[in-house]
Amino acid sequence: MSNISAAQFFAWIERYAAHIAEQKDYLTQLDAAIGDADHGANMHRGFQAVLAKKDDLQNSDIGALFKGVAMTLISTVGGASGALYGTFFLQASTMAGTKTELTPGDFASVLEKGLAGIVLRGKAAIGDKTMVDALQPAIKAYKRSIDSGESLEQALSKAVSAAEEGLKSTVPLVARKGRASYLGERSAGHPDPGATSTVLLFRSAAESLT
Amino acid sequence: MKKLINSPENVVLESITGLGAAFSDLIKVHTNPNYIIRADAPVKNKVALVSGGGSGHEPMHGGFVGRGMLDAACPGAVFTSPTPDQMFEATKAVNGGKGVLHIVKNYTGDVMNFEMAADLARAEGIDVEAVVIDDDVAVKDSLYTAGRRGVGTTVLAEKICGAAAESGQALKEVAALCHKVNANGRSMGMALTSCTVPHVGKPTFELPEDEMEIGIGIHGEPGRTRMKLKSADEITEILLTPIIEDLPFKAGDEVLLFVNSMGGTPLLELFVVYRKAHEILTKSGVKVTRSLVGPYITSLEMAGTSVTVLKLDDELTKLWDAPVLTPGLRWGG
Amino acid sequence: MKKLINSPENVVLESITGLGAAFSDLIKVHTNPNYIIRADAPVKNKVALVSGGGSGHEPMHGGFVGRGMLDAACPGAVFTSPTPDQMFEATKAVNGGKGVLHIVKNYTGDVMNFEMAADLARAEGIDVEAVVIDDDVAVKDSLYTAGRRGVGTTVLAEKICGAAAESGQALKEVAALCHKVNANGRSMGMALTSCTVPHVGKPTFELPEDEMEIGIGIHGEPGRTRMKLKSADEITEILLTPIIEDLPFKAGDEVLLFVNSMGGTPLLELFVVYRKAHEILTKSGVKVTRSLVGPYITSLEMAGTSVTVLKLDDELTKLWDAPVLTPGLRWGG
Amino acid sequence: MSNISAAQFFAWIERYAAHIAEQKDYLTQLDAAIGDADHGANMHRGFQAVLAKKDDLQNSDIGALFKGVAMTLISTVGGASGALYGTFFLQASTMAGTKTELTPGDFASVLEKGLAGIVLRGKAAIGDKTMVDALQPAIKAYKRSIDSGESLEQALSKAVSAAEEGLKSTVPLVARKGRASYLGERSAGHPDPGATSTVLLFRSAAESLT
C-alpha cells in the first residue's frame, strides 16, 4: 500500500480550506441555530491564514506542516474550534515528527493522537453533540479498515461514511458540551456545526490523500 | 444590515483604534495581536487583571481597562473568544511581578483559549490564576455540561477585584475574592430583537413582532424559552424570580442591583425595568444598597435587558465604592 | 412596537421613578409636576442650572443632575417640551439665592414654555437668565425661521456651566459662559433607523434597508437629505465636513470631540466613527484634546450617530475637567 | 342676533375635545411627516385634562372657563401647541372677563385677543406654515361677517371655510417657524398639523355655538 507524502498532506489542508470556504455560510447558519453564528467564519478565517503561509508550509516535513497549521489556527481562530482544531493538529504534529511521508497505519496513529488532544482539552465524549461525535467514529473506521488490510482509498471512504453517520447521530442529541449545551432540550433537532466541519475534514482527506 | 462600519473584517481593529485614540490618557491599544492595557502598565507589585472575550459586548472588556479595574483586555473577533497568543502577550505586558489573574467568562472557547494562554505564561515563569465566571441562571448548572454562562457578574467582578488588586492584595486573595463575587452574583437576560453579527449580515434569529426570547445569552444564542411579549413589569418579574430563588437571596440581604441594556434598549426603558426590580427586591426584604444601570455588557445592537443581583457584604461594598478610572466606568478621586 | 414599557402613558413617570431609586444618593425625583433635582438642592449661594426638554433623550437631562452639572431637569412627555409649571416649580426648588440659569434647546416649544416659566419665576423675584442652545449645522441658520436646533453641545454646556456655577461664578458670568460654549460648538447627526414614539406605536419614518437619513434631529424629525447607506468613514466625513466649515475650525484649534449614539448604535460602531473623526480633525491640524463617546443625547432606540466638536480654550478645558457627579457623567474627586 | 352663553362656550370646548380625540392619530401622523409625531397626542392629553375639570369649568363665567382651559393646557401639554393654544385661551380669558355671555361681536374681540397672544409668543406671520395661517383668516372672516350683519351661524361657517382655505394654503409652503422649519424645502407638500387642529377648533365652534 502506498505511503502518503508531505505534499499530499499539504493538498489535504488546501482542499479542506476550499471546502470550508465553500461551506462557510452553511456552517455559520448551523451555528446560528444552536450556537453563536460564527463557526463558518471562524474556520474560514483560520484556514485562510493557513493558506497565506503556503510558501512555508508546502516545503515542510509533516510534523512542521501540522504544527504550522496548528499555530495558525490557534492564533487566528479563537472560540472553541480554534482551540480544538488547533490542539488536534498540534498533537498530530508531535506524532508525525520530522517524517516526510506516512504509512496509512502511521496516519491512523497521528489521527488518534490528535483526537486524544481534543478530548483532553474539551472533555467531550460520544453523545455530547460535538465534533467528537464525527471525529472518533471516523478515525475508528479508518483504523479498522487499514488494520484489516483494506486500501487507503477504502479506509478513507469508510472514515467519511462514519463521520457522516456520526454527524447524523448528533441531530437528535441534546448538547452537553459547548455553547449548544446552554440550549438544553432546544438543541435537539439540529446537526452540530463542529461535527459538520469534521465531515469536511475527512471528505477532503479522501479527495486528496490517495 | 445597517451598521456604522467599514467592513466586517475591520470593525474590531478600527473600533479599538478609536477607543485608544479617545482614551489615550487611560489606556494603550496594541494591535496584532490585539490587546488593550492600562497606560501605566505594568504596575509594579500589583496583581494584574486580564480579561477578554469576543467583541460585541462593549464597553466590556476594553472599556474596563484602567486604574482600579482591568490591566488588560483581549478583544476577539465579534462573539468569538480571543486567541491564546493575545492573552499570552497581554499577560506578559501587564505582569508587574505579583502575578496575573485571568477573569474568564464560562464559554468553552474562552475557557480553553485562556487555559492555553495560562500554560504558555506559566511556562515563562509568570504566576497565573484563572477564575471562571458562570452566573447565568437561565442555564441549568450541571457537572455534565459546559455549565452556566458568564454574564453580568463579570462586570462586577472586574470592578471589585480591580479595587482589591489596587489595594495591594496578593494573587491568591484576589482570585479568592473573584470566586466570592461569582458565588454571590446571579443574572438573567432577555431579548426583544436579535442582533446581527457583522460578518453574517443578517439577524442571528428571527423574533416575531409579538414575541420575546427569555434567558438569552450575550451572543444572540437562543434562550430558555420564547414567549409572547409582556409588559416591562411582568418581564422584570420573569427575570428576577429565578435569580432570587437561585442564590437564594433572602430578606435582610444587601445587594447591588445591575440592570443592563443588551445594546439597543435605551435608558428610558431600562429605568422602567430598574424601578420594578427595585420594588420586587424591596418587597422581599432585600435591600438594594448599590446600583448600576446602563449598557455595560451588551450584545451588539440587540434590544433587551439583563438583570444581575450581587449579594454584598462590607468588603464587597467598600471595594465597589473604591475609585475606578476606565473609559467605561469611573468614579472617585 | 417592541419596548420594555408598561404603557406609553406611564413610561416617563416610571422611568424617572427608577432613576430616582437607582441614584437616591445623588438626586431627588419630584412628581406631579415632574422634575429631578440634586439631592442637596437648593445649594445656598450657587447659581442654579435648570434644563429640560422632552423625554426620550436619556441620560439627558435627568441623568445630568448632580454636583458639578445641573441642579434640576424637567422631563416632558416623550419628545414634547415640558410645561411651564414643571420648570417654574423646579426653578423655585433649586434657587439658592444667586439666580437660576435656564439652559434651553432651541425648539419652539421648549423656548416658549421656558419663557413662560421664566416670567412666572421673575414675578416671584427670582433672577432668571435663559440661554438657548442652537448648534445643529444640519439646519440653516436664519433670522426668519426657528433657527438651528439644539443638540450635542447642550450636554457640553451643561457640564461646563455646571462646573462654573460650582466654582462660585455669578449668574451673568455663567450665562455668558453658556453663550460662549454654544458659540464654539457645532453638531450634526444621522440615522440608520427610525425611532418609535411609545404613544404612536410605529416608527416615525420609514427608511429602506439601504438608505440613511443625514442631518436628522433628536426627535425623529426628518433630516437634510436621505441617501444610500455608506461606509462609516464616508458617513463620518459627511457629518464632520459641514461642522468644520461652519465655525470654522482651523489648524491649531484645540477641541473636544463628542461622538454620540442616537440610542440604538452600540459602542463597537461608535468607536469606528470616533476613529475616523479623530483622524479627519488631526489631518486638518485640529488637535483633539478631550473626548466624549457614548449615548448621551439620544433619540429613543434610533440607530445612528451625531458628532459634536467644541472649540476649547484653557477656561473651557479646566471646567470640562472639573469633577462631576451625576447618574450619567461622573469623574473627579 | 342671539348672544353666546358660558354653557355654549363650554360645549364648544367639549366638542373640540371630542374632535381632537377622534383625529388624534391623524394629527400625529401629520406631525410625523414634518415634525416630531406628537401633535395629536399633545392636544389630546391637554383636552382630556380639561374635560377632567368639567365640574369646575361648566359653572364658570366665560373668563374663568377660558382661563381654566388655558392653565390646564399650559400645565399638561408642553410643546409648541401647549404654549400657543394655552396663550390663546389665556388672552381670550382676559378679554372675556367675568361675563356670562358674549355678543357675536364680543366674541370677535375675544378671538382677536387670543390670536394676538399667539403672534406675540410665537412670532409667526401668515405664510410661515403654522396654525396662524388658519387662525388669522378664520378670525378675519368671522369678524367681517359679523360686522356686515350676517348671522352667527353664517359667520362661523365662513370662519370654518377660511380656516380650511388657510390650512390648504399651508400645503405648498416651506415652513419658517416651529419644528417643520428644520426641514427647509422638504417641509413643502404637507399640511401643517397646528393649522389642522385650528380648523377643528372652528368646526367645533360652528357645531356648538349656535
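Think of it as A, B, C and D in the order they're written, each chain with its own count starting at 1.
Going forward, a residue touches a chain if its C-beta (ideal position, glycine included) is under 8 Å from a C-beta of that chain, and two chains touch if they have at least 3 such contacts.
What you see is a predicted model; the values in this text were computed from it and never measured.
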| item | value |
| --- | --- |
| Partner chains that subunit A and subunit D have in common | none |
| Where subunit A and subunit B are represented by their mean Cα positions, the distance between them in whole Å | 32 |
| Distance from subunit C to subunit A - Cα centre to Cα centre, in angstrom | 55 |
| Cα-centroid distance, subunit B relative to subunit C, in whole angstrom | 29 |
| For subunit B, residues that touch 2 or more chains besides their own | 78 |
| Residues of subunit A engaged with two or more neighbouring chains | none |
| Topology of the chain contact graph, where touching chains are joined (line, ring, star, complete, other) | line |
| Residues of subunit A touching subunit B in the complex | 28, 32-38, 41-42, 45, 74-84, 121-122, 175-179, 181-184, 186 |
| Of all residues in subunit B, those that touch subunit A in their complex | 33, 54, 76-85, 107-109, 112-113, 115-116, 136, 138-140, 144-146, 149, 197, 199-200, 204-205, 217, 219-222, 224 |
| Complex interface listing, subunit B residues touching subunit C | 2-7, 11-12, 14-19, 21-23, 55-56, 58-59, 63, 78, 192-193, 209, 212, 229, 231-233, 235, 257, 259, 263-276, 278, 288, 291, 293, 295, 298, 300-301, 303-305, 325, 327, 330-333 |
